[in-house]
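Here it is, the structure in full.
Note that the chains take the letters A, B, C and D in the order they are written out, and that residue 1 is the start of every chain.
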């Protein structure tokens, strides 16, 4: 249980369901949020498919990924992704790890995702590349050293690809992280289709930096969040207030 | 509120939902209609996702994009697209701006969409190309000068692409604009797939001009509109009569 | 109204809805059946989107496409496709004309659809190609001479492509025609994807001829029909018994 | 009827519906399970679309594919796929045969599916290739000799492609076979998209062997199964307890 941060837990549950409904996560993938009352802790579900996450599933972890409360259920082994990034990036409040269909071809081929549409300008600073799995690794980011290496690959950027695996995106809020996950996938899909049609013209960083600002405005974030919530199947938002 | 044009407002609300349901708009995108009682005004929602637009959201604007009534809610910053086109094109009654998946690869690569299927002959006059964003631009068409430049790029045509951004289509009625938005996307998708399969054969303008006529017949427009309305999820059409 | 052939009308209505639900037809496209009581007549809806067709919409036409009963509603202008084929092909009981997404890239590029999967062996005899639109044509097959020319392009085969337009498939029954429409589209889709992945290996006609037999067995046709009916949205089959 | 193995029958029914809902099977395709009380027998539905399979449809077969109980309904002619593999692979408890869209392009082109994403490491041992249809064959695997040849093509692997036809996957349980069917398709789709984007980097067998282990953990299998069950349309799981 998450203590007193009821509102944040509720939003995190909804974020799980949005990401499932928008096809960003499926059996696997997870999103976390940094605690508001203690920035040295973060909130993340126990090991669950995001579509099935409910408020009581949300756990509280220290940044070294040890849980504050012992539970019988399993933790995500990849929670080191979250802990590693929260340690390296004090500016970041939410982390999402996924393997969405639009992004995977880039994680598999090693080609770079670059902004081609307005929403893609969120990534005007470029995209990190992680392939420093432990030598005896299993393609999961499951050890503290892998979590640390991933945070280094991410650097100051908003997203990184994980070789043959997926992506991680970060945001200044849950909404910002959800938006980054959805728009990284969308930009990737359009980039691929553009390469079929002709030659994609990338948006230059200077333009991208300016163009991306609109996605940080509360008005636009609320509009987007409201849209994603409205698309949830009936009942999917109904448990979100528990906690 | 829109004054006395209840029927037109109702149709505009339905158009918003059709475009959302057919995947032409998502969080973003908008459709407007020129007022019937005063051609120097147009109707457009406040800043909303099209799926969420209801009759009370519809506002009345002068062609310079100033609202007739002051409201607390935000206006679309891109309403200059609509105002600019209504000024330049007295023949046009409805304008739709979107970023649909089929069209974006062409807006990104700079390749041209050309008619390859019957529905695509709506665009037998060709497609405009807009890239004259303001020098300090943010990839939005948000200033009067950008709106004017976009209208020039459109010229006398039915559609224009906006570089790295999306498209605008116009029509002699709401139904015609919705049809143009849906069929521009469809033609673009088939054109891309045709280029994978072989070499697309384009429909020549003379043939296209003749072939396009059927889409202006009231019978066909009603059939299409009825089909799109029937596909709306239960309840989506139920608010459309408000106003 | 269709006179006494209630069962056939009911099946034709269901076929319209199946084709709509499986994405083979949308605003446009139509399926007809030869009358059982008089092979010189066929049954076809008035001008309607297939998803909206109900039993009272089904009309009776002579093979020259004149209606037996005068009505106020409009007829499909392309009903000459049906009349032309029923005249040329006494073996055929059902005709379907559509513009499905999988097939269109071949109609646009002029590339041939050839059997690559088991269901595609229905087309082991090859696919016809029609491009003999009237000189002042509008890309519709709307005159008796175009209907006749299309039937010639079809020849003894089960399917033909219409340049920049779509396809026509035929069957020994409504079920057979629906199956042909769905599997022509599926084979086309897989053929395209196979060409992306590598080089498609086509199924030779001798093998195809044998392999196709299973799709003419009543057991398999019933299984397929039952599957498509079960996939109809709730309520879509409920009007099918009217008439 | 299946005698006393009620739980297993129930799980097999659910597996049929999951595979239908996830787009792995449609009109055709089937999944079986080896009997727990007698490993010389297996359970499989009568000839039905998987979406329509109910507990009373499940039959009991000897490994030579003769049914234990005579019934009026038809058996799948391709049940020799199941019998052939159960004979050759005592380690295997479940077999699934399908023609999913992601896999077919590889079965058509003869290109190999190789692991490119984590889920694809289930196939780290490679994929078999079957093209030894009987000389007078019909592209079905319908004779005992074809079933035996297919089992040989499969070898000790988890999956094999059937030329111009589809695939077979095997598992140590129903859940494992369902997972293999879904992830073979997913890996194939991403492999194709990766080849469009750039050049896919395959996961080497040593890495794949280690990375695949997580998919055999009960925790992960339960999470996946629970996710697929939760996605079933309302009512689809409600018959699953019959038997």
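Everything that follows uses one rule, which is that a residue touches a chain if its C-beta (ideal position, glycine included) is under 8 Å from a C-beta of that chain, and two chains touch if they have at least 3 such contacts.
All values reported here derive from a predicted model rather than from experimental measurement.
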item	value
Both-way neighbours, i.e. chains that touch chain C and touch chain B	none
Inter-copy rotation, chain A to chain D, in degrees (Cα atoms; steps of 5)	90
Euclidean distance of C-alpha centroids - chain C vs chain D, Å	33
Where chain A and chain C are represented by their mean Cα positions, the distance between them in whole Å	46
For chain D, residues contacting two or more additional chains	195-196
Pairs of chains satisfying the touch condition	A-B, A-D, B-C, C-D
Residue numbers on chain C that touch chain B, as the complex places them	26-27, 47-49, 51-52, 74, 99, 101, 104-111, 136-140, 163-165, 192, 195-196
Sites on chain B touched by chain C in the complex	116-118, 121, 189-191, 193-201, 203, 207, 210-211, 213-214, 219, 223-224, 226-227, 230-231
